[in-house]
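Before I ask anything, here is the structure I am working with.
Labels A, B, C, D and E are assigned to the chains in the order they are written; within every chain, residues are numbered from 1.
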Amino acid sequence: MTQKPTMDQVSGPDVAAQPEVESRRKPGLILQLKNQRNWLGSICGILALIVLPQVYDQFFGSSSAFQLHRISLIGIFILAALAQNILTGYAAQPSLGNAAFFGVSAYILTWLSSDLGQPYWIGILVAVLVSALLGVLVGSPALRISGAHLAVATLGLVTTVGTLLNYWDTTAGRQNYDLSNLPDFLNDDHTLYYFIFAIVVCLLFLSYHLLHSRVGRAWIAIRDNETAAEAFGINLTKYKLQAFVISAAMTGLAGALYATWATTASSSMSSADQTIAFLAMIVVGGLGSLTGSVLGAIFVGFLPVLLGQLPSPMLIGTFQLQISTLITGIYGLLLLLVLIFFPSGLSSLGARAGNWLQRNCSGEEQHG
Amino acid sequence: ACNGGNPNSGPSPAANVPGVSNDTITIGAVLDTTGPLKVICAPILAGDQLYFDKINAAGGINGRKVKLVQVSDDGNSTKTKGAVRQLFEQNNAFALFQVCGSGNANVASSYTNAKQIPFVDPIGGGSKFNDAQGKALPWVWMTQPNYGDEGHVIGYYLTNKQHAKTVGLLYENDVLGLQQKTTLGESLQKNGAQLSTSVGYNATQTDFTAAVQTMKAAHPDIIVLNGLPGPTAKFIAAATSQGYHPPMGYLANYPMADNSWAKVLGPAGEDTYVSGYTSTAAPIGQEYLKATSADTSFSAYKFYGYINAKIFSDALMKAGKDLTRDSLRNALDHDFSNYDTGFGPSLTWTPDKHGGVSDFMFLQIKKAQLTQVSDFIKAAQVWP
Amino acid sequence: MAEVMQAGPLLEIQHLSVRFGGLTAINELDLQIAEGEIFALVGPNGAGKTTVLNCISGLIKPAAGSIRFAGNELLSLQAHQRASLGIGRTFQQLQLFNSMTVLDNLLTARHTQLHAGILSGILPFGRSKREDASTRQQAMDTLVLLGLESYARRNTGSLPFGVQKLIGVARALVLHPRLLLLDEPAAGVPPQEVQELAARLRSWQNELGTTLLLIEHNMRLVQAVADRICVLDYGRKLAEGAPGIVLSNPAVLEAYLGRGATKKVQQEGITHAES
Amino acid sequence: MIAFLQVVIAGLVTGSLYGLLTLGIVLIYRTTGVLNFAYGAIAALCACFMYILLTVARLNFWLALLLTLIFAPLLGIVLERGFARPVLHAPIFTKAIATLALALVLETIIQAIWPQLAEVQHFSTPFEGQAIRLGGLYISAIDIVILVVTAALMLGLNLFLLRTRLGIAMRAMADSIPATRLMGASVGRIFMLVWAMSSFLAAICGILLAGQSNLINVQFMDPILLPAFIGAVLGGLDSLPGSLIGGILVGLVSNLLAYLLAGHTIGSLDIGNPAIRDSVIFAGFVIVLLIRPQGLRGRALLRRV
Amino acid sequence: MLKVEQLHVGYGSLEVLHGISFEVPQGAIVAILGSNGAGKTTLMRALSGLIPIKAGNIELMSKPLRRLAAERRLREGLALVPEGRELFGSLTVRENLLMGAYTRHSRIEIEQDIERILTRFPRLKTRLQAHAASLSGGEGQMLAIGRALMSHPRLLLLDEPSHGLAPIIVETVFEVIEQLNREEGLTIVLVEQNAHQALDVAHTAYILQSGSIVLNGEATVLTANSAVQELYMGG
């Protein structure tokens, strides 16, 4: 897999093309600039997240709770996309198995909480732990299987798990699986929103550091060149497995939160569509890019919801369009266009902007 | 606060009631027009639209036009709640009319019940709405029959009218299929016959050879097909290509009661029985046929949408000019006693009973057309 | 890492055989390299030189034989474990981490010397960050040593081939390996820099005590630095010994060096370069 | 015994269909490194096209078949030009997801222009109802057609890829597009040809599948896509005979299991249940892959350093 | 034969070649020398059409190449042995050679050419059915050269052909270069680190530095130039 430079990796080619100029400069300056930019961006982002509910209340009035609830969904998908990106974009495992953790975790939470009457927090904890454990189970064979083989095998896993969850529903005589007795604050759309995004921000922050640490470098090394990674002492087994476990646990958390958000669990959470959506998120956003996970989650997770808002039937002149039946196609077309115009993901937009900024910054410096 | 709990509070009651203005009533529907149930839901939506257009053209209901807002949940029950919330919190709908899929309808009902929003016609053959009756789900009214009742009637019909002794069952491997398996078995046993073999299938299954051979080995007189049009048709095709035909042929349950299915089967489907509960013989059926004469083929799902839209419109009508959720509930609970649905069976709702119709008739494929071959049989009569 | 000081060779290869399908790439090879030695492995294309290196660093499993390094049997260890014994290497076809910057390539190479795991990695402070800071310094030092500091923050993949070659060396060197395996470090490097390279190899060996196993087709470099040479042909040892003697061996001239070298030997005579 | 043989034959036929489906998938995968998830939609579109020719234009079956087989490669060329070419140099995942998006678009287009195909329709062929009887064994004519066509296409395509100049160039393209261009091969034209061929194969597969079950609708290919992919991976993904063998294996095993497990239980577990059966098949698939990660007939990926 | 005028080439916003002009007469061997990063490979890529040029002209036998894709340039008789070999790893050695002859049609001639290449590089003969990915560095380089020769080019561009080759094979390669030039009139542009040998076979040479030509002239003259000796021949 070849990798276009992402936001985290770019450096100004113009500057570096003239080594003499570059070498006179303090090493680390670019990094500092970049870090400052990242910091500024993150703080702006967090502030925006904090004030969003207020803005919504002003703007949407009585429907603001529902609109926020909808936005919370993006947070859940960001987690799932982040998990997929760590596994696929960084550690280069083309696994399509994540929806299995997504579904299983939701079922475990619902089972513990609704059927066994356990507290919600225990449910979440167990769900995430079980997902991590499943991550080991899936990851271990995946160490022997690679490439498209792994993709198809894990896709098979997802549908098999979906079938089994459905079988469980069937034998238990369930038509749907309600997640009842949530803690009160999770029944409130505002607090649910803050809860989910607090988790998202935390995990993005921690992931950022992890990916820039020894572990993250080991993953990227495996992605770039397994042989060299091994020759430099990186234990492929260990690091691939770690990526699987972290990704599974994170997807599990996303699954549990999704069940909380939807107040129900369904075997369709572990379906080919769902798992491919996770992959689509990081492809659209940008493989191996944190910003990419966020942008991809918004595009893939939220765009269909927005399209669902289109009035149906829609009148264009005298021509009556049944939008509702065309939504899938419109979505597919938009997806296709993004992939054609941003083959390395929407995050490359950010990188382009960043490059431009950096060029201008460094230009100033040379004059000064 | 603006729940319309008190209809007499102001001079212009409509202003207080969500989704009801002086000239429109907004109602919401959750129909999967984008996911796996698209095949069923898209024609239902078209049928709904057809009827409401007709009503609106004639001046609406009590002077108000009906505006149907439909949201798709992709057939995925985890998205149903969001869809329903959109209808009531963003689009400000008055009542919920149709949610497709039993599980999805359950999710929707937990929202509408808590908010005391009337929910008419959950599209699903699950038994929950019948079993729970009006007491547990005071805000849900079911129009269609359930698979359990149907199983009883089919068992009765096969034994008493067709004199079958052994019956095979192919069922879709979900809660509904299992429910029919149980009730069909009970009913056969009571009538001195038996369910000699039953084979479940997955919705995505393509190869039915093993199922055919398993059935064949059990020598049933007739095979009951429970599920959806595609897979059941594949089963018949597979059996035919292996030279197998049960002595008395097949009987399919109501989702197959559509001429399109008969056409799909081709010659292999001749003489197959189908259980059904909607007939186009009555005036509304004729009216529908006229309205859709341009369609290439008759769609039972579209007809389903049409007649249910009629039931719902009648209810709105009966709820009166001062429309509130309570007045609608009142009308639904009290003004539907032996109500003539216009497609055959009659419908009775009381405050304690919100179940749908439970009368079935049987059709037979003759020259690729479904032809009615029995009268309506009431489930309550064969299985008290 | 167990510091077993012991007499005898640092690296000892015995009866090593490697087969790929019907092809015997290495045939019953014996090699011994003493600590601190610069040992050159030369021979015709396809003789099996790279394969020997791959066996040592664990990328290929030999059919038979043993490889002992500082008292450890390497063949019973996995590739990544061998690196932590202090074996660093470069690759004939570069194999850099192309999406990383040059600096990150070097940081990654110090993997075995660092310890931060996931738990300290996710934190914005603490051990992981301390380790990183000091490693960064070491990496910069190594780059300076090779005159590559101006490339530190460039993406590796788009650099000129010759520069990438040197980065490969820097990446191996940043480990401070006990045994450094170099696969054709001078290929694609311009002649004037080859001399510089030779001087550097010598000085590492002097200052750091690094043992070097060098594969090279550039005889200038080999002559300039090697203490001993082994010529491999069809997976067998053709000759072994001091450069002057081996490189004037007629069999070596015929199989490997060709007429040009023969001429040169006759004209100039091969001298062992001073360090 | 007869029943058992009947199940085996059906397994062979279904497996061949899987194998036939994967021919086109493996062809594109081997030449361009794209896992083409739109393949099912392309097959469906071609079969639907033929259905329309048969029912709306009321053409004779053979004429409709001929027109469809002309239409399919044209469709392939249009898709290549309009869709595949722009993402030719994109990373592999991007291409895979793009094919998925394409599938969504194609399905919507079919439904928009031929709304009747949203529902299941009858697809009739001259072979319908015809069968050979061997003792108690029924072998329907369409099954024989499927077996023969699959074998012929597999052999022909394999020879083409291994022996012909164009075939070698197609494989070369998968290794390096720039190098292929340096050899004077027009990558664009080859790419177009690959798509044309693969659409042609998709059309044949779609028509045979529709002909076998006499059913068709927009999504009728979807359910067989995953088992076909599994068969291809089992066979090794880079070998055409391999993917046929893999496909047949999947078809055979799932049919036999369905037959043998029907009606049996272990304790309270109904092992005849399709959910359990599918899980068993999947477990078997994973075990085979663990033993042979490159698939039954695949070559292990070689990366020299 | 080849005429390059004011060629500007780069990657993205980075310009690597800043207006290069030179001519290669029919039947000449031209060497291009320069240190790492001078832009030699970039020049080769631009000539063969692998990367677009930003400004300037390239003419092959008075035919402008600028708008021709790489595959068309090969058909015009221009072949490249690329840096880093760019073999078809999953194809066998033989299939790689056949790919080299993609534009040719006579099976007999192709077989004869394969035979000729195998006698020049006997090492390849033993590896004929091996996948190119399994070759050793030098074997791969031999194959890359052989593959380019299979197209019977009129102008051959060689980007460090001696890279990774044993001295005896380097000799062979330079012999082949001279021989093809002498006997078949093949025009050759040669990029080499091995300046000694390059200047030995070349008629003229250009020295590239930071994307500009800083020196050019007869190979023998340049060989004698002390600056050249110091900078590019290792003193």
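As a convention for this text, a residue touches a chain if its C-beta (ideal position, glycine included) is under 8 Å from a C-beta of that chain, and two chains touch if they have at least 3 such contacts.
Just so it is clear, the structure is predicted and the values come from calculations on it, not from any experiment.
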*Where centres are the averaged C-alpha coordinates, which chain has the largest centre distance to chain E?*
B
*Using C-alpha centroids, which chain lies at the maximum separation from chain D?*
C
_Centroid of chain B to centroid of chain E, CA atoms only: how many Å?_
75
_Please tell me the distance, in whole Å, between the geometric centres of chain A and chain C computed from their C-alpha atoms._
41
*Cα centroid separation between chain D and chain E, in whole Å?*
44
*Numbers and ranges of chain A residues touching at least 2 other chains*: 2-3, 13, 163, 166-167, 170, 227-228, 325, 328
*Where in chain D do residues touch two or more other chains at once?*
273-275, 278, 303-305
_Going by the contact rule already set, what residues in chain B reach two or more other chains?_
38, 42, 173, 202
*In the complex, go through chain D and note every residue touching chain B.*
3, 6-7, 10-11, 14, 116, 118-122, 124, 128-129, 131, 133, 138, 140, 142-143, 212-215, 217, 220, 222-224, 251, 254-259, 262-263, 272-275, 278
_Quick check: in the complex, which residue numbers of chain D touch chain E?_
165, 168-169, 171-172, 174-176, 178-187, 238, 302-304
_Quick check: in the complex, which residue numbers of chain A touch chain C?_
2-3, 5, 9, 11, 13, 16, 19-20, 22-23, 27, 30-31, 205-207, 209-210, 213-218, 220-221, 223-225, 227-236, 242, 246, 288
*Going by the contact rule at the top, pick out the chain A residues touching chain B in the complex.*
62-63, 65-67, 69-70, 73, 163, 166-167, 169-170, 173-176, 178, 258-259, 262-266, 268-269, 304-305, 308, 312-313, 324-325, 327-328
_Touching residues (chain side chain C, partner chain A) in the complex_ = 57-59, 78-84, 88-89, 91, 95-101, 104, 107-109, 111-112, 114-118, 120-124, 128, 131-132, 140, 149-155, 158, 171, 175
